[in-house]
Amino acid sequence: MTLKLGIFYFLAAFTVWAAAVVVLGKNIVRAAVALIFCFCGMAALYVLLDAEFLAAVQVLIYVGGITILLLFAIMLTSRIGVTTARVVNDQVILSAIAAVGLLVGLIYASTSGIPAMSGPPRLPETAPFLGRALLTTYALPFEAVSVLLLAAMVGAIILARKE
Amino acid sequence: MDRPIPIGTTVVMERTGETMEEMYVNMGPQHPSTHGVLRLMLKLDGEYIIDCIPYIGYLHRCHEKIGENRNYTQIIPYTDRLDYLASMSMNFGYVLAVERLMGQKIPERAEYMRVILAELQRIASHLIWLGTFGLDLGNFTIFMYCFREREMILDLFESVTGQRLNYSFYRIGGMPMDFPETFLTDCQVFLEWFKPRLPEYDAIMTDNILFQKRVQGVGISPPQVAVDYGLSGPMLRACGIKWDLRRNDPYSIYDRFEFDIPVFETCDVWARYMVRRREMEESVKIVEQALAQLPPGEVMAKMPKTIKPPAGQIYSRAESPRGEIGFYIISDGSPKPYRYKVRSPAYVNLSALPEMLKGCLVADCVAVLGSVDIVLGEVDR
Amino acid sequence: MMTFASLVERFYAAMAAWGIPWIVPTLVVMVIVVSVVLAYISVAAMFMIWWERKISAHIQVRYGPMRVGGWHGWAQSIADGIKLLLKEDIIPAGADKVVFVLAPMVVFGATVAAYVTIPWAPGLIVRDLNIGILYMVSISSLVVVGIIMAGWSSNNKYATLGALRSAAQAVSYEVPLVLSLLGPVMIAGTMSMGKLVEAQSGRWFGILPGWFVFPQIVAFLIYFTCALAECNRLPFDIPEAESELVAGFHVEYSGMRFAMFFLAEYANMFVVSAIATTVFLGGWHGPWIPLPGLPREVAHGLFGLVWFQVKCYFLIFVMMWLRWTLARLRVDQLMAFAWKVLLPISFANLIVTGLVLVLGKQALLYVGGIVILLLVAILLAARPAARTVRVGERT
């Protein structure tokens, strides 16, 4: 039991607990705050995988952008004090079957050594590698994503304007 | 508010559902920016103000009814407390009204003293306005600078009257006592100190792009609206209407002095700011001319022991720093007035606030309210 | 060699020689380092609070604190801290207790976490992460989350509005902030804070110190403006404005919880100044002389430490100076300024920097920066100053 493994177990447990609060919590705002912790836990797990650039970007984008957006949406559309949510909806049986099936599949995949589950390559610094890859090997998906973001922005502006 | 509301109607703001979009926000009565105990109920649509209802009366002290039970000299200290930031102007307006009713002439020296004190008071009142206006917009330093200058004026007043705020210095028939010997030199020293200060304030406020962006185009009151609501003073002169009682309906000896009436066309908060800023310069000119022309002589006319104006009525008006202060007195020949009414400029100016706030953002409310320059003492009486 | 890193290594080696498992010295070093950093933050924040009162006082023709502790009231901050500690801890009824208590912790924790990659002196960084700049920017975005939590959990309409406004402002100004930081990162070719400082050790044209502020003057000005907005300082302090309608996101906090927000604001000011100093003003570079009796590295380190502090506190002084001189911007003007003015200019700066680097003429960087600055200045100056606004027209 090395230190790294111990830290991994702790972080994994923390992330899973936070995710559980998100899914099972009755108070929406507390669920959003737990989501923040869940994202931070995931960022820490990225650091353990030597993907430090991705970890920083995870915090910057997910916590600093998406959760703020979620909190804005919650606060602008509900009244203070009325923040409960339904935890279980009508498709609970179907979703339970799907989730359990996915879990079984993942356990089988990780224990039978499917190549996609091998360890990450050892890189001294991920950021320059990612940058070069994005602009040479993966230039087309990069441009496609940027066009998609542009379309999303234009759509959001049109939807949000008051006529 | 499309039509004038008849007196006596209770105005009720209907709360038609309160989501985050259409909200009712209450400002005051305790609020750092309402300049006194004023309550503003704002109806907002998102960030824009749709309507505003001012609730006043928190400082009502039955001034006019008390006036009916006091003789004419005893009313003078009460007039101080009307607009406590411009007590000299309130006194001036009141004693002018009674003297006009009595047809009383007062000595020349007293006239000059009155003008000097009233114009110094105008500078002091505009300094407080400037300081608090800057403070509301987030500029803390101008507040300190303006109060430093106002302290000098208050020291001058203290040497003359013994008081720093509610002077009760004017009397029916003249002034109670003459200036002290040090007053003329002290006043000159103050004016020499004050003249370069105005360009200093310009550097902090007037020429600052942030300040300009906050106040330009905000709180518009078109000239027709201004005249309909009966606005006066700098509010009216900011709409391009050149109307100043010192020029258009001269009282006392104002026709002997050379001074400009600053007028601005744009009808917004910026125009009102510039009008008051320039008025300070003009007041300095008037004080200098008055000091130069000050004649020797008596300061109090021969007055009977009890002041009993002949039966009749009069509406007399003067130009206070906030606008037209009017006194309507009905006398029945007795030492106490039969009816004593005060037409307060801040009250009338405040009534146009809902009109000016329509379409403004919430953050502009503070700027517009500051530009009206209200003093609750005279709004509520 | 007597650098910080070599000291730590010698400590580890000594511990290992005594047979103590390696986890113990690691923890010991971590605890010591964290204590030193926290102690520095507390002392620096208290100093900055006293300094701000003194600066504001002297700008406003008065004296400020003069009595507490004797000379110019230097102990005023300590007295204020003790007072805040002793206040009653009030949690408003109906407030969400967990989130209410958590919010100041998140804000303060995020601010303190940014001190990890500040290069105090040559070789003196807690951890020179190779994503240094990116890490600091990401951690700063956590502060915004804390602010929203504080506003929401106060069960107060005005606090919520203030928090949302503050969050909108912070998020809007983060974008030009990050973009303006990318210019120097491109020139230096690294995101690590220590290496960024070392990349500024040369000279421009032989006379100017090799700081990045000279080619990237536009980026520096944009960064400084965005930093003011991130710290919620005037002219961007609508969320905390005392004299406006909405009283601010920390209106319901009192006592030590409020002190956390207060300390976090000043700590944040130091962090953004430290980033500006590192990236634009050459970090700990400055003239130094070898001192007798000390090894060269230690003397260099001491001078570097002093220069770093001088530059940081100079920038903090400018921030405080601006607060007491300028008026406040309105919320919509603030947002329009960020999105319509700062963002295009920072993009332009990024493009020009990238072009010049690719074309290989390093000296053009200097020229490019000046050109952009001149263009912006001309555009601003050509704007009519106090234009007559027609009746009914809104700026």
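By written order: A, B and C. Residues from 1 in each chain.
In this section, a contact is a pair of C-beta atoms (placed from the backbone, for glycine too) under 8 Å apart; a residue touches a chain by one contact, two chains touch by 3 or more.
Note that the structure is predicted; figures quoted are calculated from it, not measured.
By C-beta pair count, the most extensively touching chains are B-C. Distance between Cα centroids is largest for the pairing of chain A with B. For this pair, chain B with chain C, the centres built from the Cα atoms lie 45 Å apart. Work out the mean CA point of chain A and of chain B, and you get 62 Å between them.
Inter-chain spacing, taken between the CA centroids of chain A and chain C, is 28 Å.
Residue positions of chain A with contacts to 2 or more other chains are 76. Counting partners per residue, chain C has 157 as the residues that reach two or more other chains. Per the touch definition, chain C reaches chain B in the complex via residues 56, 59-62, 157, 234-235, 237-238, 241-246, 324-333, 385-395. Chain contact summary for the complex, chain A toward chain C: residues 3, 27, 29-30, 33, 36, 52-53, 56-57, 59-60, 63-65, 67-68, 71-72, 75-76, 80-81, 125, 127. Contact residues of chain C toward chain A in the complex are 23, 94, 96, 98-99, 102, 129-131, 134-135, 137-139, 141-142, 144-145, 148-149, 152-153, 155, 157, 160, 164, 167-168, 171, 174, 191. Of all the residues in chain B, the ones that touch chain C in their complex are 23, 25, 27, 32-33, 47, 134-141, 143-145, 148, 204-205, 207-208, 210-214, 216-218, 220, 222, 265-268, 270, 361-366.
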